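There are structures below to look over.
What follows is a pair of complexes built around chain A, which joins chain B in one and chain C in the other.
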Partner chain A sequence: MVAGARRGWVKIMANVSPGADPVERVVELHLPSRLGYEKVAMDAAASVARRMGFSADRVEALRTALAEAVTNAIEHGNAHNADTRVLVILTVRPSELVVSVADQGFKPIDKAKIAPTPNIEDSFSRADKGGWGIWLIRELMDEVEFTTAPTGGNQVRMVIHLEKQP
Partner chain B sequence: MHKVSAPLSIELSIPSEFGYERVVREAVASFARRIGFASERVEDLKTAVSEACLNAIEHGNAQMPEMRVDVNCVWENDVLMVRVLDHGLKRYTGHVAPCITSRVHGEAPPRGMGLYLIAQLVDTCGFESSPEGGNVLYMSMHPRRMA
Partner chain C sequence: MLDDDLSVHIREREGVAIIDLIGDVTTFAEEKITSAYNEVSRRGARNILLNFRQNDYINSAGIAILIGVVTEVNRRNQRLAVSGLSQHFQKIFRMVGLAQYIDIYQDEDEAIRGLNAAVA
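The block that comes next holds the complex of A and B.
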């Protein structure tokens, strides 16, 4: 257990680039691929967002978007494999919060699923009525981008802008 | 057949800056609630983890914001083990005498009670040696207070 813990630390430290912009602050979080643990990411991100001065409704929007992104990573990208991890990186900038969620890419993201609006008829024909997660993320966040993580997995990068109250 | 599940764990890394200990506190509390910790135990854990992170930021990393504080939580065999690692610029592995009376009378600084407080809140705690040379404070806790 101790050795595993130390390996985790080394991995975390290695992911933080030493030449990062000094005005950026980075929080990294590694989670187990198990449904329910997306709550840990939601609570951590909400804490960061509150600290930055986001309003309560923007913090709720972020929590919802992140819940969708992390559950997608657990269910699809990591295919519920208990040995895999989900990596959440929160980058704090003066005017925005960048949240990236990466999985280990057991299943590549379906390009058709990242289209702007899913078809409601198709959703009703599904047992879980699902398929709206990515649409929801796009509705809630200011910028959304689907890329490949440096580790080769799927990565969703979401940005929420800090709008100062006049 | 009973399947032995792999230990559940989370790892966190924060900038060494006051305020970010709250992010660790929320994440660890969320993890503990998920595991099934009683709410008063979650509150104790939050306080202990905050104190540990503040020590790491203030002492171990000497308030240099470009340094990192790494936190690792492992749930295994009915015990939650939390480890807080800093870069060890300043060592603080010695124990702090809880001379509360002199503090109350203003004869000693009010701070410096963090390690004493942590020891009161968790089941076991202490320091481990680290191959990287930093301070490693471990804290272990059961989901319910021992009778």
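The block that comes next holds the complex of A and C.
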């Protein structure tokens, strides 16, 4: 938890670690657990991805996947608790962008929601027409892994590969 | 500042009820979109166009809202079309299956022609 944290506060930290791979660059965002702040993460990730040379449609895919991951962290993992933060780490590698999203784990991720492919026909007869977020992340990213963060919260690790332009 | 960022307007053109959606379509959009849909339905709309503008953010909660609209459109035998979606969100609509129930047009003019041709 960030001591003295308050609503509306965004911490952005960029780091090029001298001991690490010289081409590895890391950007960290500590976002308030309030819906809407996922847009800050989307814009930051899109900016990094564009600079890496990702095509416009891949940048859009990344924006959508990251929005879903951060929204899940705010709504479920952190249960909208204003004292919590969502940690987004963007790691730039020569051929890929690794994006991890961690919450503080007030509520563990519902494993039943990770696997299934939702069906629109089923949605018509259900009161809750949601459940598309994790499926979208899986469809749009090249690698997706759901783990437990070092802090004990939920963590989603997503990788998008930089494809060589033809 | 960052939450409610959608403007919704209703108008009619050539027999088509147009709902302009300007901005983000997320969980905050539910009441505005549902109210607009209910209003055009109350006025007897048979052909409805969701005209998207500047929508660089539609998330899964927004998709769930649109599935709710499709559910009602199917129940009431209305016809629903969308226009103005970016290529990315057209792709998302196809992935989710919304494109099976919604006619996707590039812009408003094309949608009006398409909806009226389908009626004729």
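Points worth noting:
Keep this in mind: the second predicted complex is superposed on the first by the 135 of 166 C-alpha atoms of A that agree within 3 Å, B and C clash if a C-alpha of one lies under 4 Å from a C-alpha of the other, contacts with A are read in each partner's own complex, and residues count from 1 in each chain.
Just so we're on the same page, a contact is a pair of C-beta atoms (placed from the backbone, for glycine too) under 8 Å apart; a residue touches a chain by one contact, two chains touch by 3 or more.
Everything numeric in this text was worked out from a predicted model, so none of it was measured.
Among chain B and chain C, the chain that touches a larger number of residues in chain A is B.
By the touch criterion stated above, A:E68 is placed in contact with chain C alone, chain B being left untouched. Contact with chain B, but none with chain C, is seen for A:R25 once the two complexes are overlaid on the shared chain.
Touch criterion met: A:E139 reaches chain C, while chain B stays clear of it.
Legend: residue contacts after superposition of the two complexes on their common chain; A:V159 is shown touching neither chain B nor chain C.
In the superposed pair of complexes, A:S47 makes contact with chain B only, with no contact to chain C. By the touch criterion defined above, A:G36 lies against chain B and chain C together after alignment on the C-alpha atoms of chain A. Shared-chain residue A:A79: touches no atom of chain B or chain C. In the superposition on chain A, the residues of chain A contacting both chain B and chain C are 8, 34, 36-37, 39-40, 42. On the side of chain A, the complex with chain B involves touching residues 1-2, 4-6, 8-13, 15-16, 22, 25-32, 34, 36-37, 39-44, 46-48, 51, 82-83. Those residues of chain B that touch chain A in the complex are listed here as 5-15, 17, 19-20, 22-23, 25-27, 29-31, 33-34, 65-66, 68, 70, 72, 74, 76, 81, 83, 85, 128, 130-132. Residues 8, 34-37, 39-40, 42, 57, 60-61, 63-64, 67-68, 71, 119-121, 123-124, 128-133, 136, 139 of chain A are the ones touching chain C in the complex. The touching residues of chain C, counted against chain A in their complex, run 1-3, 5, 24, 26-28, 56-57, 59-61, 63-65, 67-68, 70-71, 74, 86-88, 91-92, 95-98, 100-101.
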